[in-house]
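First chain written, first letter: the chains are A, B and C, and each begins at residue 1.
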Amino acid sequence: MMQLWDSLAALATDPNLRWIALGCMLLGLSSGMIGCFAYLRRQSLMGDTIAHTALPGICVAFLLTGVKSLPVFMLGAIVAGIAGTLAIRVITARSRIKADAAMGIVLSSFFGIGIVLLTMIQHSGDGSQSGLDKFLFGQAASMVGSDVQLMAGVSLLLTFVCTLLFKEFKLLAFDPAFAKGSGFSTSLLDFIMQALVVTAVVAGIQAVGVVLVAALLITPAVSARFWTERLDRMIMLSGAFGMISGLLGAWISSQVFQLPTGPVSVLAAAFVFLVSVLFGTKRGLLTMRLTRSRARQQLQALQGSTASVKEAG
Amino acid sequence: MSMDFWILLTGSLAAVSCAVLGCFLILRRMALMGDAISHSVLPGIVVAYMISGSRDSILMLVAAAIMGLLCVFLIQWFNNRGIQSDASIGVIFTSLFAIGVVLVSLNARQVDLDLDCVLYGEIAYTAWNTLQIGGMDLGPRSVWLLGGTLLLVLTVIGLFYKQFKLCAFDPMLALALGIPAALFHYLLMGLVSVATVSSFESVGAILVVGLLVIPPSTAYLLTDRLGAMILISAACGVASTVLGFALAVWLDASIAGCIVAAAAILFAVTFLLSPKHGLLFARLRRTRLSRSTA
Amino acid sequence: MILEVAGLSTAYRSQAVLRDVSFSAPEGELIAIVGPNGAGKSTLIKTILGLTPSLGGSVSVFGRPIGDVRTRIGYVPQRESVDWDFPTHALDVVMMGRYGRLGWFRRPGRKEKAIAMECLAGVGMEAFAERQISQLSGGQQQRVFLARALAQDADLYFMDEPFAGVDAATEKAIVELLRRLRSEGKTVIVVHHDLATVPEYFDSVLLLNVTVQAFGPTAEVFTETNLQRTYGGRVAFAVAATGQAKGAEA
């Protein structure tokens, strides 16, 4: 017990750990909030797609500048992510291909091209490219102080924008036609929303890796849905779930040798999800089973009474 | 020369299996199921590796296929309980992949598994890993594995073509006719799992996802018949393999990556130029229409 | 009685969608299921067919459980329930109606093609046999769906809103088709939304609003009082519609 407490206290006192824990929590908070909108707009897998589009962006950024620095990589990834979302939009709007296939096409094409670029960089003997793939597989624990600060800063900014535009995003997610009718530029709002998702994903990649970053957006949002029917509460809950997962990830991975922060955060989020599925007060399995059996009982009572009436008649 | 031949054969076999199955996936709006399955198999691979200590055991294939089906089952289970299918895909495959990564990290000394290799594949080395029975060299293992997979895929799809087609077009009618739609859902997903798992060692997860989605989408823009769509899709898959291999030799880059890139190029060209559904002809038709009405 | 439904109930979450629905459909009639939006009309059909789970109750068709007699039942789902971009043509869709009879391994052949062509002709669509289905108009798509149900060669048909959003020509074609089916001794149960045409098209009517409000021959059951009970607050609209219908008959 004492040890447990000490290890938790270390998160607050050890400067390096403190930054990592703070960064992961802020990242969880911002992606949890933004993920709610992605979930409600049925774009849950957008995060996964954007994460994969980052690879060619990073490679091109490296080829153009020749430097391995986080801000440069992030910029490249963001540009590629936005290009990816635009490509999805063009494909779905201009052909009969549906959204899921368009995402699959963009995801694998961009990543394939990224791998081609990555191997070309490797084979050109341009020194070590290890920084490139480290960015992709996510190593929160090995991130240096300035990287974590950048991630934390970006996350804070995302949280701020998300709170500021809450009302507009809500309208956009629920009824885009009405939003347009109410005088909002839906295409601008939509672009801002996509940009937020892209930024959240790119900020998350270095902490949890390309494959797992989608979980930061979806899992807390889906979990929150089991507890409430109201958007404002859903967003707060989702942010809180994301924060808890980030904290747990940072803490557990600091305790167990060689355990990576990102996957542990994702597993923590998955645990929260499991608890929500079982015990969620609005849509949890337990609640559903109770209401269903209650409905059945009411029905039987009703049928019993009508039957007795018929007999009496 | 013969090594190039084996690489092309491996790639083509994987491409045809994936391209055929992918047609049904995109028509059922489950394109990303391949993505989910290909990542979910990781914990199965790690556990099998820890037990057997080797990378090319049958055990690994079986464990991976089981994980693939488990992933499909979980996604369906949560979907039936009111979670949107794409959200349920996202939650499940990331969770399973995370378990896999944690298992790898915890057993880093015993498990010499390169995550890059899971994602990118090592098609270039397939020719060296040959199948030997009783001292006879029977050619690369992956060719046998992928050939067997292709045979299985073609047999099952061929036998139940009408059921797969109806379940993709109108599952409600399928049920009303007494066709067990759930059974065919799992059969299709089982085939996708097997194709994913057997392809993935040689061509990598991302190439599998690309081959499952891109060639079928290209074919979808070229024809209005399901049978033709499947044939064109398979042809696109093979063409991407050949073109991609040439590209890889020319650029000195990843073969798997180049195959996906080639598939993407074929798609982009079709998207612009397809006579039926291409961007250019749609625009031409529209201007002609507006001129004739003017 | 060709179809007997007893005590059928379903619920969405804690909300009852159908409560204690019982009725027996006589053979050889055209029967309308009528009721306000959200009354559970489509759900009733789907639950009878076993496509959505029920909370309780029983269904028997031709005196047997539904699973035993599927080949004798035809079904026309709502037009929006499928993806019309699917790569297939009209004739092929109609042939799908034969799949249940073909069983597990047999493939559709020349015989099925001939039957499908005949069914397409039956709805006046033979000229569009090779047309990609997304290039058909809404009414034409509906007729293809009806032809597919004909191809099922059933004795009892369920149709979910076949008249929704179709042109006048298609409406006329559907009515003719329904009458032809009746003259062949078949029973057709139709979810219908246009109250004005009920007395003209249907022999019997089932007024539904979660529970059965009234069921019987149209002349007896399709009354102002019953409609008022079924439609509740929207009674003015409902009565106006019946008034129109009566006016049209007169």
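As a working rule, contacts are C-beta pairs under 8 Å (C-beta built on N, C-alpha and C of every residue); 3 or more make two chains touch, one makes a residue touch a chain.
Keep in mind that this is a model prediction, so the values were computed, not measured.
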Testing understanding: with touching defined as stated, what is the shape of the graph linking the protein chains, line, ring, star, complete or other? complete
Report which of B-C and A-C is connected by more C-beta pairs in contact. B-C
Looking at Cα centroids only, farthest away from subunit C lies chain A
So how far apart, in whole Å, are subunit A and subunit B when each is placed at the average of its C-alpha atoms? 25
So the centre of each chain is just the mean of its C-alpha atoms; given that, what is the distance between subunit B and subunit C in Å? 40
Cα centre of subunit A to Cα centre of subunit C, whole Å, reads 44
Among all residues of subunit B, those touching at least two other chains are 29, 220
Hunt down the residues of subunit A that sit against at least two other chains at once, touch-wise. 96, 288
Counting only residues that touch at least two other chains, what does the list for subunit C look like? none
The subunit B residues in contact with subunit A across the complex are 26, 29-32, 34-35, 39, 78, 81-84, 86-91, 94-95, 97-99, 101-102, 105-106, 108, 115-116, 119-120, 206-207, 209-210, 212-214, 216-217, 220-221, 247-248, 251-254, 256-261, 263-264, 267, 271, 277, 279, 282
Over in the complex, which subunit A residues touch subunit C? Could you list them? 96, 288, 291-292, 294-296, 298-300, 302-303, 306
So in the complex, the part of subunit C that touches subunit A is made up of which residues? 7, 9, 11, 13-14, 16, 19-20, 55-56, 85, 134
Which of the residues in subunit A come into contact with subunit B in the complex? 39, 42-45, 47-48, 52, 91, 94-98, 100-101, 103-105, 107-109, 111-120, 123, 133, 137, 209, 211-212, 214-215, 217-219, 221-222, 225, 256, 258-260, 262-264, 266-267, 270, 273, 277, 283, 285, 288
Note: in the complex, subunit C contacts subunit B through residues 46, 49-51, 67, 70-71, 73, 75, 77, 81-83, 86-89, 92-93, 96, 99-100, 102, 104-105, 107-108, 132, 148, 152
